[in-house]
Amino acid sequence: MVVTVEFLGPIGKEPIELEVRSLEELSSFLAQDAALQPWLKNSAVAVNDEMITDRAHPLKSGDRVTLLPPVCGG
Amino acid sequence: MVVTVEFLGPIGKEPIELEVRSLEELSSFLAQDAALQPWLKNSAVAVNDEMITDRAHPLKSGDRVTLLPPVCGG
Amino acid sequence: MLEIYDGPLEVPRILERWYGVQRRRNFGAFIPFVGTVRDEGGIEGLSFDLYRPLLERWFNHWQEQAAKRGAEVAMAHSCGDVPLFESSYIAAVSSPKRRVALELIDRFVEDFKANAPIWKYDLRGGERIYAADRSQPLCGSGLLG
Amino acid sequence: MLEIYDGPLEVPRILERWYGVQRRRNFGAFIPFVGTVRDEGGIEGLSFDLYRPLLERWFNHWQEQAAKRGAEVAMAHSCGDVPLFESSYIAAVSSPKRRVALELIDRFVEDFKANAPIWKYDLRGGERIYAADRSQPLCGSGLLG
């Protein structure tokens, strides 16, 4: 059950690999990093480049989870 | 009391000079030309390049009256 | 900037020039609308007459309205014949921010369609035929009817 | 047509190319929106990161929506640094008639602002500072918070 987590744009953190089964578990793990806490509150989440809005979304081995902080194009 | 009357775009008629005192009189005069009748019904009127919407607008000597048929720019 | 050209517009040249002007004036949003003659109904092209004194008056009024919102407008239009796939019309709005420019370009183009003193003709078999079916009476029409 | 460039956009070249394509396809209305970096707040320029896989997905969805109305969209965006008075963004809509193009350019640009996965930074003193005050959380943000 290894998933890769990517942090985009201004979060400025290298990707990590984690053993987690759910977004719930992922959330608990990432919350331990104080520098990440504000980003968890305002970032959207994609799994394998699909936007996810349901915290119950299951994770499977090899999934790529992406954190997308607030955007401003143009 | 000589006014000049111009016919724009598709009306395709040369300017004329007329002795008329009012738009009312001008209307009666122009209505005698059968070819002009449909244009009188669907054309707007400017006097000295000001759009006029009041038939009671007075005319004075030297005025330039312009008939503007339906438009389609672009 | 109201520009009248004989025949088709050189769209890339006009856009390049207008773009250069507006960005030096610190505008963040530039929206041109380009109108091109379509191949439809078997026409060979379109042709235009325009009445410059009232067109300038209409345009100047728009420039004043745009200025009240910190924006600017520009327009180019053809006079005479314009073949298929060539362009006869460019309207543009520049403003510091996007929202004003997006609102104004819509109103500017629609108001142009309703009120600019321009007459359109289809070109068929070398003849110029008034596009009566696509033309709209100006406000106050029928005063002499 | 989704085009990503390192640094500022060559706006006249891009517009000329897109204009050439759309008019050969018998579109009557072509509306580009050009976004240029303004001199404000003492910045030296802007810089951008973008996430291409989701940007392409977002763009393709728009292309499908536009196609349902007989229209097409195009977009160009900068990656990396863009100095003052240079442009970082062009969005364009082409359609047979004006009304659809005017409606779509507004929605396309606003939806881009809300949903395109792009991050903006101010350039100050050679540093890249996240434009947090001008950024908007994407739909569904806070899922892990």
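Note that the chains are named A, B, C and D in the order they appear, and that numbering of residues resets to 1 at the start of each chain.
In this section, contacts are C-beta pairs under 8 Å (C-beta built on N, C-alpha and C of every residue); 3 or more make two chains touch, one makes a residue touch a chain.
Since we're looking at a predicted model, the values are computed, not measured.
Chemist: Measuring centre to centre with C-alpha atoms, which chain is farthest from subunit C?
Modeler: The chain farthest from subunit C, judged by C-alpha centres, is A.
Chemist: Quick check: how many Å separate the C-alpha centres of subunit C and subunit D?
Modeler: Their C-alpha centroids are separated by 25 Å.
Chemist: Averaging over Cα atoms per chain, report the distance between subunit A and subunit B in Å.
Modeler: About 72 Å separates the centre of subunit A from that of subunit B.
Chemist: So which stretches of subunit D touch two or more other chains?
Modeler: As it turns out, subunit D has residues touching two or more other chains at 35, 98, 109, 113.
Chemist: Please set out, as single numbers or ranges, the residues of subunit B touching at least two other chains.
Modeler: Residues 74 of subunit B each touch two or more of the other chains.
Chemist: Tell me, which pairs of chains are in touch?
Modeler: A-D, B-C, C-D
Chemist: Which bits of subunit C are touching subunit B when the two form their complex?
Modeler: 35, 48-51, 53-54, 57, 77, 88-89, 109, 112-121, 130-132, 134-145
Chemist: Can you check the complex and tell me which residues of subunit C touch subunit D?
Modeler: 11-12, 15-16, 19, 22-24, 26-40, 85-87, 96, 98, 101-102, 105-106, 109-110, 113
Chemist: Within their complex, state which residues of subunit B touch subunit C.
Modeler: 8-10, 23, 26-27, 30, 37, 40-46, 49, 51-53, 55, 66-74
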